Amino acid sequence: MPDIDLIVREIAEEMRARPDRGDVATYIPELARVDPAGFALAVVDVDGHVAVGGDADVAFSIQSISKVFTLTLALGKAGNRLWERVGREPSGSPFNSIVQLENERGIPRNPFINAGAIAVTDVILSGHQPKEALGEILRFMRFLADDPTISMDDAVAASEQRTGFRNRALANYMKAFGVLENPVDYTLGVYFHHCAIAMSCRQLALAGRFLAHGGRNPATGHSVVSPERARRINAIMMTCGHYDGSGEFAYRVGLPGKSGVGGGILAIAPRKASIAVWSPGLDASGNSHLGRIALERLTQRLGWSVFG
Amino acid sequence: MPDIDLIVREIAEEMRARPDRGDVATYIPELARVDPAGFALAVVDVDGHVAVGGDADVAFSIQSISKVFTLTLALGKAGNRLWERVGREPSGSPFNSIVQLENERGIPRNPFINAGAIAVTDVILSGHQPKEALGEILRFMRFLADDPTISMDDAVAASEQRTGFRNRALANYMKAFGVLENPVDYTLGVYFHHCAIAMSCRQLALAGRFLAHGGRNPATGHSVVSPERARRINAIMMTCGHYDGSGEFAYRVGLPGKSGVGGGILAIAPRKASIAVWSPGLDASGNSHLGRIALERLTQRLGWSVFG
Amino acid sequence: MPDIDLIVREIAEEMRARPDRGDVATYIPELARVDPAGFALAVVDVDGHVAVGGDADVAFSIQSISKVFTLTLALGKAGNRLWERVGREPSGSPFNSIVQLENERGIPRNPFINAGAIAVTDVILSGHQPKEALGEILRFMRFLADDPTISMDDAVAASEQRTGFRNRALANYMKAFGVLENPVDYTLGVYFHHCAIAMSCRQLALAGRFLAHGGRNPATGHSVVSPERARRINAIMMTCGHYDGSGEFAYRVGLPGKSGVGGGILAIAPRKASIAVWSPGLDASGNSHLGRIALERLTQRLGWSVFG
Amino acid sequence: MPDIDLIVREIAEEMRARPDRGDVATYIPELARVDPAGFALAVVDVDGHVAVGGDADVAFSIQSISKVFTLTLALGKAGNRLWERVGREPSGSPFNSIVQLENERGIPRNPFINAGAIAVTDVILSGHQPKEALGEILRFMRFLADDPTISMDDAVAASEQRTGFRNRALANYMKAFGVLENPVDYTLGVYFHHCAIAMSCRQLALAGRFLAHGGRNPATGHSVVSPERARRINAIMMTCGHYDGSGEFAYRVGLPGKSGVGGGILAIAPRKASIAVWSPGLDASGNSHLGRIALERLTQRLGWSVFG
């Protein structure tokens, strides 16, 4: 039986030493300050054992990884009616593309591109004040990770509020087609803030456990979603979780995963483990460069690819 | 332990009785004649046991399912240099779209859309006469299925030769960018013919076994590809195997799969089974309507989704 | 010599009687209330004689026709540096398309599509408060028409402020690429207000005289722009003045022209006359249906097409 | 009164001396051999006087300029039914773009992009052998220029036959949508050959006279088309004659014109003159670099812009 602790530590050491680290995202000014040398990896297996390597307790901005959790929340609220407002097909386009919206009457291709996640946020917000929606999302993250210390980084949220013109364009465009129901500023406010949730790899891996174990958190025994819904969220992570690099991630890593421009990736090994990795440098598609390589190593050494 | 034989028979009976059957493809005149009432399902497990339901020994035109096998052959010839001529990302577009080619200098997004499969065929053809290439492809299919009776349906190939203007446009367009090396007519001739291979569900499921079992056919003991390559082909089937319905297939079925406009689908349950289904009526994305529903039933009842 | 007064009256009578009137724009709620039966035509010849037919003194919302005048103003401020922020090619796309912006780094194709006119407005605004910029635009219109009564319809501006999500998307998108320098809300505020200028056909035809006469208003003797600039503005009106109906307008009418969704069109017969027409019903490209037909009649009867 | 002979000679001298000459087209191998130093200008006024400068009797490949004449012929055959197969709007895209065809069911935007001219050629061909159609086109050119020596350059036609994969893609794509009626190879054969017509500037300017004079050749008295049709062809030349550089040509030159990749441009000064210019070096949009500048000079000095 493989020694997961050893493997995780070895991968973390290899990654910390590599010179090729990708480029830290600069389009959100606050994120541009992050040290590209950071690296962390955390794996929670079915028994709740957490294997860690690198800065596994350093918090980073989860950014688009929050989209997995807001999708879960919105499905809980709207059920399958959610799919009237957002598709579930890979877009074949960059994360912030607006072309597809024009051609498809404002319906985003999937919940993991920016436009789709804004539409999902609008569903969560529905009928509430932004503060209430944010409170609900934060409580959900704390509940999933069983950790009341998780919080939002207001400086990051404010930074994107000031500069997120492209997301503002996406939101107004969907509003023009009636895809958003709330005031654009409300929906974007909630969106920018949930992207600014700060978590460590340890916390993130713990929060993702329900997706690896049929919708249930094995530690707490809480059922978060049905087994079918957990499978389906994983499926969307597999086909859409890395924007126009989703095919590459499936090809190399072989697990459902969701990346964020903060450099984090949440990956799910169904029935085996929930995995979080972090390295701030990104590749051309906006996904963590070393994060992806680390996950490729991990699945190869453990034989965890879902593809055999 | 579930009784696969019983489950397969029950699904076949349910599907044969359903009134919603999709629409038989008409763009290849010869295919338009097929009876929409046909249905078949075949599952080959790790021990070689074949569970069948419906017309499992009736041959149909495998069409684009052949792209899985030509990709395997071309990777054997060109190795990773193949990826200089074709990508491996979902296209987010219909199977015969040409827009993406114009924007990306003639490089098709993946080997499972028509343009990509034509580029793959060009790699197989390289340095040979069309007849030799076709002979090689046919021998490979017979070897994989361990069945020397598999053949091509010349009437179907001729029908598409006469009417396949859109594929001819794709091929000439790639030729303009230097992506094809052989004369366009040679490459298209081989492409139309390998799409016209006729196989039954039983034969197709047997031919796909190497993908379920680490690249090795457990019956013959022959190693077809390395375990890593088998995983990677499965990954491309998962993200790109159903054109702009790939996300939907992953979401509902949860297995790597490849469809053809003849109504067939090959699906792989890694480490468990190779599965073939056939029903000629198609959905809006050009994938078998009942074939997809049958696979959804099968994976639900057997718990075979790779997503948990 | 043709009797212009008679021809104008006859055309107005024919148009008022026609049953096919197009559809009044509904996307700005305030505009949707306009009576589709309205029609007016005014022609000012080189001697200053104004031939009128129909409701030539009824004010309507000039909407995008204002883009001709803001372009003139912005060229006066920025000169040819304006062309660093906006192109001068037909877009081949609808007036509010965003696709082209994504593919061309936020630079609008021409100053007469919405995105381009917003960029032009941003140039006029530069370094001023919105109120000052609006004052300047209004003074310019009054100066051109030699009529101090011209004003803005605040209800129309407010209506578009509340509902103009698509323009808001365009503006934010350009802001993301650095094409806009001022706060998005400032630029849009000025844009929505100058589109809400209300003018009659008589006033509009008078305001356009400088374009027909080498940049000089023959009535006042004021030189507005150089002869070369007048020609060039006319050229852009010819190729881009009617969105994706520009080719059709050139083909049928044969004059440079600019339409607005309020149903107005300003057309220029170089060296001969400035022409304004108004009929609120629009065709599929968003241009006045009867307005275009009336201009076609007029140029045929007077032999005014620039194309021979 | 300006001395046209002097002006034409001075412009030709200036152009011959300029170091910036653009790049000779290389995508048709036979054209790549042309000497970039060539320059010619010919102006035929209403009285039939021909002012010439430079190599006005050197024949060059007229390439896409032939599209003006095939459009004229096809309108003579099909009348306004031609517009069911091709539009008349600027495309906003390069001359050989295929994207627009996919989005608009195979109907080309206008008769002056490659796809549109192929569709027009198909109309001329209808019901004839390629040789007959080519004979008819050549006779028409000789008739228009009143010069029986005009011929096709078979080496150029053969060169494009061998390498015109992109045009072959366009034609097959339209065939797939039913926009072409004849065998693709027939239509393309005629298309490649009429593009390979060789003419001098003198011949070309003479051939274009009917467009400047209400559809009638003032020299021969022959009526080629109605005055309305002549105006309309001029209108399409204005909005679509220079691909995605049409706006620029209208802005700078102010005349209807049609360019070819051989470096020629035919421009029409309605009621005044027919003008041909030739310089083989092209700009980024595929239009003659010095040809356009020479025409800009000419219209400025003679005050011939249609825009005032």
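Going in written order, the chains are labelled A, B, C and D, and every chain counts its residues from 1.
The rule we apply is simple: a contact is a pair of C-beta atoms (placed from the backbone, for glycine too) under 8 Å apart; a residue touches a chain by one contact, two chains touch by 3 or more.
Here the structure is a predicted model, which is why all the values come from computation and not from measurement.
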Measuring between Cα centroids, what's the chain most distant from subunit C? B
Between the Cα centroids of subunit A and subunit C the separation in whole angstrom comes to 47
Roughly how far is subunit A from subunit D, centre to centre by C-alpha average, rounded to an integer in Å? 55
Listed by label, touching pairs are A-B, A-C, B-D, C-D
Per the touch rule, the subunit C residues reaching subunit A in their complex are 97-99, 101-103, 165-166, 168-173, 175-176, 184
Complex contact set, residues of subunit C against subunit D: 87-93, 100, 109-110, 211-214, 227-228, 230-232, 234-236, 238-240, 244-248, 250-251, 254, 256, 268, 270-271, 300, 305-308
